[in-house]
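Listed below are the structures to be examined.
Look for subunit A in each of the two complexes below; its partner is subunit B in the first and subunit C in the second.
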Partner chain A sequence: MPRIPEPLRRLTRGLAVPVGSVLFAFVVGGLIVAGTGGDPVVAYQGLVCGGLGILCSGGENSALQISNTIIFVTPLLMAGVAVALPFRAGLFNIGAEGQYLAGAVACTAIGVKFSTLPAPILLPMVLLGGMAAGAFWAGIAGVLKATTGAHEVVTTIMLNYVAQWLVRYLIIGGPLQLQGGFSVSSPIGPGAQLATILPNDNHRILFGLPSSVYRIHVGLFIALAAVAVFAFLLWRTPLGYEIRAVGQSQRAARYAGVSVRRTIIVTMLIAGAFAGLAGAVQIAGVDHNLTDIYFSDTTGFDAIAVALLGLGSGVGIVLASILFGALHAGGSVMQADAGISSSLVLVLQALILFSIGANFLSAIKVRLPAIGRSPSTPPAAIAAAATATEATGAPPEKDTS
Partner chain B sequence: MRQSQIRYLGLVAAALLLVAACGSTTGGTASPSAKVVKVGLVTDIGGLNDKSFNHLADVGLEKAKVDFHIQGDVTESHTGGDYIPNLTHYAQLNYDLVIGVGFLMQQAVGTVAGQFPTVKFAIIDGVGTDAKGNDLKLPNVVSLVFKEQDAGAMVGVIAGMMEKDKLTPGKTNVISAVGGVSIPPVNHYIAGYKWAATMEDPGIKVLVGYSNDFTDPAKCQSVAKAQIAAKSEVVFQVAGGCGLGALQAAGQAKLFSIGVDADQGTADPSVIASALKKVDVATYTAIQSVVNGTFQSGALTFSIVNGGAGYQLDNFPGGALPADIQTEVDSVMAKIKAGTLTPPDTIPAG
Partner chain C sequence: MTVIGDILRLLTTADLWQAALAASVLLLLPALGGVISERSGVVNIAMEGMMLTGAFFGVVADLAWQNVWLATLVAIVAGGAMALIHAVVSIRFRADQIVSGIAINIFAAGMTVFLVRRIYGVQDIGHVGPSELLPNLSIPVLDQIPFVGQVFFQQNVVVYIALFLLVLVQVVLFRTRLGLRIRAVGEHPHAADTAGINVYWIRYGAVITSGLLSGLAGAFLAIGISNTFVPNMTDGRGYIALAAMIFGKWTPLGAFLACLIFGLGEAIYANNSTIHVSQYLLSMLPYILVLVVLTGVIGRSNPPAADGIPYVPGAE
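For the complex of A and B:
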């Protein structure tokens, strides 16, 4: 057998768990479709067409499908980072959804209040405002964890509820409600809106459709930059080193002179800022007002899956976001074209998570190497520990000194 | 986490749906030779199994498929962010009619209908709007709206007559309505209900409360409990899924309740009747207009007159309305049809 070069071997071993999980999910999902009288090939063809714009048979527009997927991918990238960073510090941030909503609320409030300001002033204001709001929301959980030891899983879940009901209040009878409207806010000022990459014009035809149907906006670049910042922060800065040290062993980190409390709080603040940015970018780039759409939003929950599947690495988050974004966008096309309920997508997502959480792939002798530079804790181990922690309710190694 | 819990419940539902889908046709591919009218239906986040308007819209579509030999496809929205892509999907494939179900999709329909002026759109319970909620009055959009007050009046007659005839346990002469949110479609129902009950029994007291929610049964249950504590004996729910809690509250107190939109007789034994908003009729009518080439933009209103609103008797004690109540219900219905009685669309004072 020819020797496989070491980097390639490391890469394939690193990809074994996520790729294996995805394959597992698709095989089981296919069996479910076949077992219930559907045709898995047709179903998956619709899914791939809707998600990636390829293999389309029904006259779908590839450019539109890709654009729709990117719209779902963009917030997932930033929210995924918001979950992945705390993973590295041994924290399980279930609260990305709440932080995302906090960011969306702040962006809307600022964008409506100062709607007449020009873009060079207003746009940074709404984005930074969203980050600050997200950071504040996550910071509550961080401070509680660092001071009273309150488990971040519990506090972030509860803060999700608070944020969800806050949004509801604000636009149903609350101060952000549009005069004479129901469950919508006023639109943010034009200066607060992120430009679309293709012209937002109903009359110009691009790739066979009015160019306004392609909703991709410059927020995509903000999201990719956020992932890059995350990777840089984690691997190239002293703070990133401290975060990883705390994640591996709080005792050892403390012994090495790292302030565990400070690191926990700072980690949560940064994570919340990423999630808040995601919410702000979604308002500024896609929706332009806070509406009932946000009642049913699941970005922050999907982000948990993205961070797990992406093994907490920057590249992994990008790939996992694309997968989940494509699944989301593809499910609708699958239902429309193949008549298979788009809920199959939720089955697939759950199966992927299940197979990662169950970690049975590693039981069949696939050891996971570190994806990063140093031989740190395997991220899957952190993820598995975090899941186990959530399941048992036991706090991780506690810092109560 | 509630959303995610709902999603995992959704997985179970999905499995069931897939089982249910067994044996049905696997695709909507029609023969390319003949020009087949294509209709795409996009549900709101309630999904097809909401036992309410999404379900009824699909019922209307299925009936139209049989009657007109059209191609009908359905997409369920899982999040609000799906509305635009789901509507756009059918529009870009040049479907003849794209139907958005429910008020929540107003802005999405307004946006997509503006991008595809050659595709016809229908929206149930709403109009195509811009971001500020203004009706865009697009030439390719028809709004399917209802005179909910007609349906509310029918159940209002029943509730009023029950109190007048002293058929309720406490004979308190108090009835109530639990609204979701104070918006026109909800208030239309309550307006008709209160108007008709007061007409039958001028001394009656009609309590009105709002849960500010359409999904959480606990909230409507607490509103209904407060009304029951204030001596209400018939509770009319006008709050979608939330209102199921109001029906249960009446059941627990061994009192009576009235369902809304669809036949809710199976939701709780206390449900004596349901006020019907026939979204299936509306959907069918809109499709028919496209098939016949008589599509017109603007509004199509559904009421008792054209069979788009009405009532359904459910678990009424004894199985049938007492003769005098039945006579009165029939007479009021006839008068509304004839135009000699017109239920108001705003809640009467007092």
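For the complex of A and C:
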């Protein structure tokens, strides 16, 4: 047998669990469709068409489908980072949704209030404002965790709901509501809007459609930069080292002179800033105002699946974001072409989470080398360990430093 | 001062307390489920999804068979089935219980809407007739007691069941051998195992019970208070129940007190004519209250020691 080079073998090992989980989800999802009288092949064809622009049966435009997917991928990249970073510190941030909404609210509020300012001033204002709002939202959970030991899962759940109701209040009878409109805010000023990548021109035909229909915007580059910053921060900076040290063992980190409390708070602040940026970019790049679609937004919850499936690595987050972005974009085509509710996408997402979380593959004795011992511990295990050690609700011991 | 005067006047009316009790029971059932599950050491943030599943299958069964009791049973079993998934994934496969809980909630939200379309197509799911809803029941004689009669003895049948279950769970958890075992498993599973308690069975039982209770709450919501299924109709109530559980320091009576506070707030808002605060701002209150409690201002609220830790025999 030829010897497989070590890096390749590690790659295969690393990919086995996420790829297996996705396959598991699609198989079970297919069974669910077939079991309820649908045709899984037609359903998945619709998903692939809507997500990747290939195998289309309804005459869909491939370029449009791909650009729709990119629209979904963009916020997922940043929100995925917002979940993945705390994972490395042993914290489970399920509040990315609330932080995302906080960012969207701040961006809208600033973009409306100062709508006459020029882009060089206003654009940084709305993006930084979104980051600050997200950081604040996550910071509440971070400070509570560091000072009273309140579990971040519980506090971020509560903060998610506060944010969701806040959005409803603001645009239904609240201060951000558009005059004479319902469930919609005033639009942000033109200076607060992110430029589209393709010319916003109704007359120029690109890939068979007017180029203005492709809404992809420069926020994509911001998102990719955010992932790069995440990877750099985690592996190339002292703070990243401290975050990983706290995630591995709070006690060991403390003996190494790391301030556990400070690291927890800083990690949550940075994570919240990423999620807040995602919300701000979504407003500035796509929607340009706060609307009722934010009531049922799930970006921050999808981000949990992104971070888990991406095993908390930069490349993994990009790949997982593309998968979930494609699924979301594909759902509507599946519903239109195959008559299968786009909610199947949520079912698939839940199945992926079950599978990743429970590691069914290793449990059914498919011989997989224990990934837990490889240099990159999968975040699910970290999260489990974190819950295990933190469940007592005791605050982190006082730092000696 | 008219606002305070109005609230004080409301507080003296039996109507208000009657509505508050009904509203709090809807939260109490999943909260009791949460208490039982977490006391046995399994973190449960999935009451929302279990409740939603119960609501959906309750309506489906009621529309199909025109029998509210059968429908309620189906709702309870459906909630229990979702809990069984959570139990298998987090006890047998030792998955992260929070990941599993999130997955349950997403699964329920997706699956119910998916099935609405498979079963009913694009048309409306339909409404359950008034005779096939969980009935209100007045207890003869007792309901004639002034004030108390209207509050406690002119209620929906689920309210009586829930109050009975409240007492039952409180007594079982703290006054019986079974309760001692559940708490032992949640505090120190290795010691419990050594003492001959089957940790797995206790945890399976506790988690499934939480699903049964949440399923009943779903039925109360969909075929008691409402008469149809609407996507995501639980609207965070499972999470408010979670909040009530923490607020109540993982005890049934404490959770009930929290539910009563939340329910009272809801009832005051619905019945008053002088408070002009947005209902959306008011909806934040339960969540903010829990955050305040967690700051430790009103005393600490700690979960059971082994809450959230999968049990691995001999691995201490």
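Going forward, the second predicted complex is superposed on the first by the 366 of 401 C-alpha atoms of A that agree within 3 Å, B and C clash if a C-alpha of one lies under 4 Å from a C-alpha of the other, contacts with A are read in each partner's own complex, and residues count from 1 in each chain.
The criterion applied here is as follows: a residue touches a chain if its C-beta (ideal position, glycine included) is under 8 Å from a C-beta of that chain, and two chains touch if they have at least 3 such contacts.
Treat the numbers as computed from the prediction; the structure is a model and nothing was measured.
Looking at the overlay, what does A:190 touch: subunit B (first), subunit C (second), both, or neither?
neither
Let me test your reading of the model: by the given contact rule, A:294 touches which partner, first (subunit B), second (subunit C), both or neither?
Once the two structures are laid over each other on A, A:294 reaches subunit B alone.
Using the touch definition from the top, say if A:178 reaches subunit B (first), subunit C (second), both or neither.
In the superposition, A:178 touches subunit B alone.
Mind working out whether A:354 is in touch with subunit B, subunit C, both or neither, as first, second, both or neither?
A:354 contacts subunit C only, not subunit B.
Tell me which partner A:333 touches in the superposition: subunit B (first), subunit C (second), both or neither.
So A:333 only meets subunit B here.
Looking at the overlay, what does A:20 touch: subunit B (first), subunit C (second), both, or neither?
Neither partner.
Return first, second, both or neither, reflecting whether A:199 touches subunit B, subunit C, both chains, or no partner chain.
neither
By the touch definition at the top of the document, which applies to A:213: first (subunit B), second (subunit C), both, or neither?
first
Report, in rising order, the residues of subunit A that make contact with subunit B in one complex and with subunit C in the other.
Residues common to the subunit A contacts of subunit C and of subunit B are 32, 36-38, 94, 157, 161, 164, 168, 172-173, 296, 301, 339-341, 343-347, 350, listed in rising order.
What residues of subunit A sit close enough to touch subunit C in their complex?
32, 36-38, 92, 94, 140, 144, 148, 150-151, 153-155, 157-159, 161-162, 164-166, 168-169, 172-174, 296, 301, 304, 308, 339-341, 343-347, 349-351, 353-354, 356-360, 363, 380, 383-384, 387-388, 391-394
Quick check: in the complex, which residue numbers of subunit A touch subunit B?
Contact set of subunit A toward subunit B: 32-33, 36-39, 42, 50, 58-61, 64, 68, 71-72, 94, 97, 157, 160-161, 164, 168, 172-173, 178, 180-184, 186-187, 202, 209-210, 212-213, 215, 286, 288-289, 291-298, 301, 328-329, 331-333, 335-347, 350.
So in the complex, the part of subunit B that touches subunit A is made up of which residues?
1-4, 7-8, 10-11, 13-15, 17-19, 21-28, 40, 45, 73-86, 88-90, 92-93, 103-104, 107, 112, 114-116, 131-133, 181, 183, 212-213
What does subunit C use to touch subunit A in their complex?
43, 45, 85, 89-90, 93-100, 102-104, 106-107, 109-118, 232, 236, 239, 242-243, 246, 278, 280-281, 283-284, 287-288, 290-291, 294-296, 300-303, 305-310
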